[in-house]
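Think of it as A, B, C and D in the order they're written, each chain with its own count starting at 1.
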Amino acid sequence: MIKKEWMEVQSISKIAKQIYEIELQGDLVKEIKAPGQFVHVKVGNGFSPLLRRPISICDFDQEASTMKLLFRSEGKGTKLLSEVKKGSKIDVLGPLGNGFSLETLNEGDTALIVGGGIGVPPLYGLARRLVERGVNVVVVLGFATEEVVFYEDKFKELGDTIVTTVDGTYGEKGFVTDGIRKNDWHYDAIFACGPTQMLKALTSKYPDERGYLSLEERMGCGIGACFACVCRAEEGYRKVCSDGPVFPIGEVIL
Amino acid sequence: MIKKEWMEVQSISKIAKQIYEIELQGDLVKEIKAPGQFVHVKVGNGFSPLLRRPISICDFDQEASTMKLLFRSEGKGTKLLSEVKKGSKIDVLGPLGNGFSLETLNEGDTALIVGGGIGVPPLYGLARRLVERGVNVVVVLGFATEEVVFYEDKFKELGDTIVTTVDGTYGEKGFVTDGIRKNDWHYDAIFACGPTQMLKALTSKYPDERGYLSLEERMGCGIGACFACVCRAEEGYRKVCSDGPVFPIGEVIL
Amino acid sequence: MKNLQVQLPGLDLKNPIMPASGCFGFGREFANLYDLNELGAIMIKATTLESRFGNETPRVAETEAGMLNAIGLQNPGLEGVLRNELPFLEKYQSPIIANVAGSTVEDYEIVAREISQANNVHALELNISCPNVKEGGIAFGTNPLIAAKLTERVKKVSSVPVYVKLSPNVANIVEMASAVEEAGADGLTMINTLIGMRIDVKSAQPIIANKTGGLSGPAIKPVAIRMIYEVSQHVSIPIIGMGGIMNAEDVIEFLMAGASAVAVGTANFVNPFVCPTIIKELPEWMDKLDVNEISELVGRSWKNEQTINRSPRLSVK
Amino acid sequence: MKNLQVQLPGLDLKNPIMPASGCFGFGREFANLYDLNELGAIMIKATTLESRFGNETPRVAETEAGMLNAIGLQNPGLEGVLRNELPFLEKYQSPIIANVAGSTVEDYEIVAREISQANNVHALELNISCPNVKEGGIAFGTNPLIAAKLTERVKKVSSVPVYVKLSPNVANIVEMASAVEEAGADGLTMINTLIGMRIDVKSAQPIIANKTGGLSGPAIKPVAIRMIYEVSQHVSIPIIGMGGIMNAEDVIEFLMAGASAVAVGTANFVNPFVCPTIIKELPEWMDKLDVNEISELVGRSWKNEQTINRSPRLSVK
């Protein structure tokens, strides 16, 4: 069930340059089905900014009814979001969309997790749950530069993790695909989220892999009604907000 | 000199139903020339609400660089203003317009001060300064109903003060003009601020009086450039923001 | 008890609130959120003869107190709508208004004829004002002769009343309204979006793939109010008003301007529960304004005016 | 060093920023706030043949991210402007653009002829788009034939280049622009305000005494950008862009859309220091965008596009 709820800010902190972690509490969390789902956040009161902002659920705790979002303060909306105070309430719509399917892999299998920039957050909740299922995870996180690297340590607790930066200021220099190439991991499926360019590079280099990609698109409604967020599929089209944002590799055309 | 300054909120409190008192500190206060001038306040960040809100300077202390504004939380802008926090800063343009002329009266003279509703605030600063000059003040304050009465005690410290309410829930029942009629005060000049209806009633009942009226009009620029706030004068027109808001009785057509 | 009912050609509305076309899909998604029976009516997404993919993405961009969209009339086509979408809505009593679009007069005729025969379609909304398609769309909506011709042709084939959706991108909205009224329109819906654009200064490119898009939301409300105010005084067919409605107060403003009912578009994206919320709040507003029938508010802004203007004249006699 | 200079017919601008007509009076008030020499140019308030009181008050109302105004061209008339206003501005070097309005072609001609002879008037802005006066005003601005005729007549009598100010309240802005270009206009200024209205729901009355007013501010920016984007690709005369500019980023967006310089209107009410602030911030933006000449940005949105479109064609050869 999709809920619209004024969720309470449990904490908010800056974890890297322009990157914030916010923890929210509310009943909406009980409705989350899978990592990779997202919420649609209204920031500011009044009509400017007008539209909600889609933000992935990074991690969630259904017992405590809390979830974490990580976001980059960039434009008007996310800048305002970075200024909310602990204890205040924000207007959240969700959970939205379909998340990653954990059932793809069984105990003992290995998942290659590939995150780029602000695409990293939903992969953390995913990785945690895969590990809980007994799945091994190997992780490649790509960032632009050292200042914006986050969550490396958290992923390291879950499995082998390497970081690449485009400018080489941290970890290995290059793109995530360079990171994958250098490590000769065996894996059973790929789970990736990041800029479309990254997803394209990934699927063109590893075209026959099983796995899932999480897409981004500008949104209106976030619930499948306005057709703002469609992408072409091998057959017909898909709405990123309600059919996705997570799609099996090969289902949609990047 | 008109300044645009981020002034610090020293205090804010509710003093009657929907009526707030806010104290601001900043260099702008040094520029105030006379009671009756106003400031133009930008509330909210961003462009909605877009326009500044004209608010009279209720009282000011040039040594401490502080001033008080009283306002009614009514529409979008003033509602936001009522939510500002002590210690925060708000964007103020001013001082604007021309205030009351204190020189009209000499020591020993008596001023009749007539305020209606949210027109009362600028009269307080005026009354204080008149009393400082040795002028006696007698005061009639008109309100709609008991719940919105404010500053009665403060005026009582300065001179005879009566309050009228339209519904009779407090003070004398009726309009300010009823209040004036019942008291057989002698006075040398009238100083009035309130709804146009009140000012009209006042000047039609007491057409030959000396004195000053403070007017209200919807504003654009607040500095005399846009011609939004004009009123007709006996000769030509006047801009309420820059020629007023205080005018000698008889100068403008109400 | 406050009476929210409104009677319009073909439409027996239990309240004057309906979602606007294109902002509610075919109702499925919102049906998961609340009972669609609460709505006065439902305006479904534009239907064209053939199915359409629409424009490339990005299809939306945010503006100050508004948004641009260039969906490009993506829809499953007449057959798809008749087979898959309208039947789903049959379980609800709220009357359906089918938004009809096309590139040629013939397209409009076929879609209008067929879709107007669906059980639950109570009225058509002739979309002659879509700014986001290359052919047809807006051309029909900016030329009064073409608009009138189209209205006439569609009226001939439609089994239900026809409302014509006016574009605000014209110099003389009254001329457009009068033209389609004379051509037989049963009602008007207005306004569609203004044509706008945003450029991303980092890339120097238009944000929307289609470059231009339709501007909707609170930013355009003053334009909508003005046009409804003008048109409602010049035509005798009813108007369903829209353009930036976000809450019950906005609805009152539209009714006072001269609309008989209203549609809510963009606001559904900001708050998907906005329609039932407004419906719940209307009686309070009626109370404040001291009316028992919502229809008493229709055109009150200019009705008042006329009374004021008339009285001095009367007293001269 | 960043070069902010822009050369336009009659106007040697040291930067592309000027206050828009009607939002800056005749400069006196702002001269108390900052040195008017900082400005690229100054567009003074509309001048008509006779002095005008304008409309009744209220003359302004606020809207979401915008405002309505119906000042009604209050001004001291040609003689008053020549005698009292222009001489005051003589002590500043910033070129003056005189906004000319009227109810008849003859009015326009007389005002244009006389005011264009003032020492410090470097260009005229033909206001054929004021929505707030009963006669003249907008009629001239929505009919291309009438607009062209007026332009031609005014060009004949003006001693300085003539810019025609276009109304956005038209279905086809390119047609209007082309018509006045062919009639001899030296440049265009766009956009004037959209016609809008607000009703106070408590009184059921329009807030503005004139009922309708001109909508300006951030709300209309997408409409302005779209029109400038379209027109700048179709005419060869320069455009001074306006409509909702609040900051330096907005200025960049206008230049990229195709404006050669810009005017700032409503923003002066929000922040009277906005023009000098923008001028100070532009070099930073040029730095970010890696340009040295501000004029390099003009039309970049569609110039980029053409390059992209052209390359495949070239490779076909």
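Operating definition for what follows: a residue touches a chain if its C-beta (ideal position, glycine included) is under 8 Å from a C-beta of that chain, and two chains touch if they have at least 3 such contacts.
What you see is a predicted model; the values in this text were computed from it and never measured.
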Ranking chain pairs by contacts, what comes out on top?
C-D
In terms of CA centroids, furthest away from subunit D sits chain A
Between subunit B and subunit D, what's the gap in Å when you average each chain's C-alpha atoms?
37
Taking each chain's centre as the mean of its CA atoms, subunit C sits from subunit D at a distance in Å of 33
How many angstrom lie between the CA centroids of subunit A and subunit B, rounded to a whole number?
55
Subunit D touches at least 2 other chains through residues 63-66, 218
Quick one: which residues in subunit A touch 2 or more of the other chains?
47-48
So that we know how the chains sit together, what is the shape of their touch graph: line, ring, star, complete or other?
complete
Considering only the defined contacts, which subunit B positions touch subunit D in the complex?
1-2, 4, 42, 47-52, 93, 217-232, 237, 242
If we count contacts the way the header does, which residues on subunit C are in touch with subunit A in the complex?
22-25, 28-30, 32-33, 45, 53-54, 57-67, 69, 71, 74, 217-218, 246, 266, 268-273
Across the complex, what residues on subunit B touch subunit C?
47-48
Across the complex, what residues on subunit B touch subunit A?
44, 46-48, 76
Inside the complex, what are the residues of subunit C that reach subunit B?
64-65
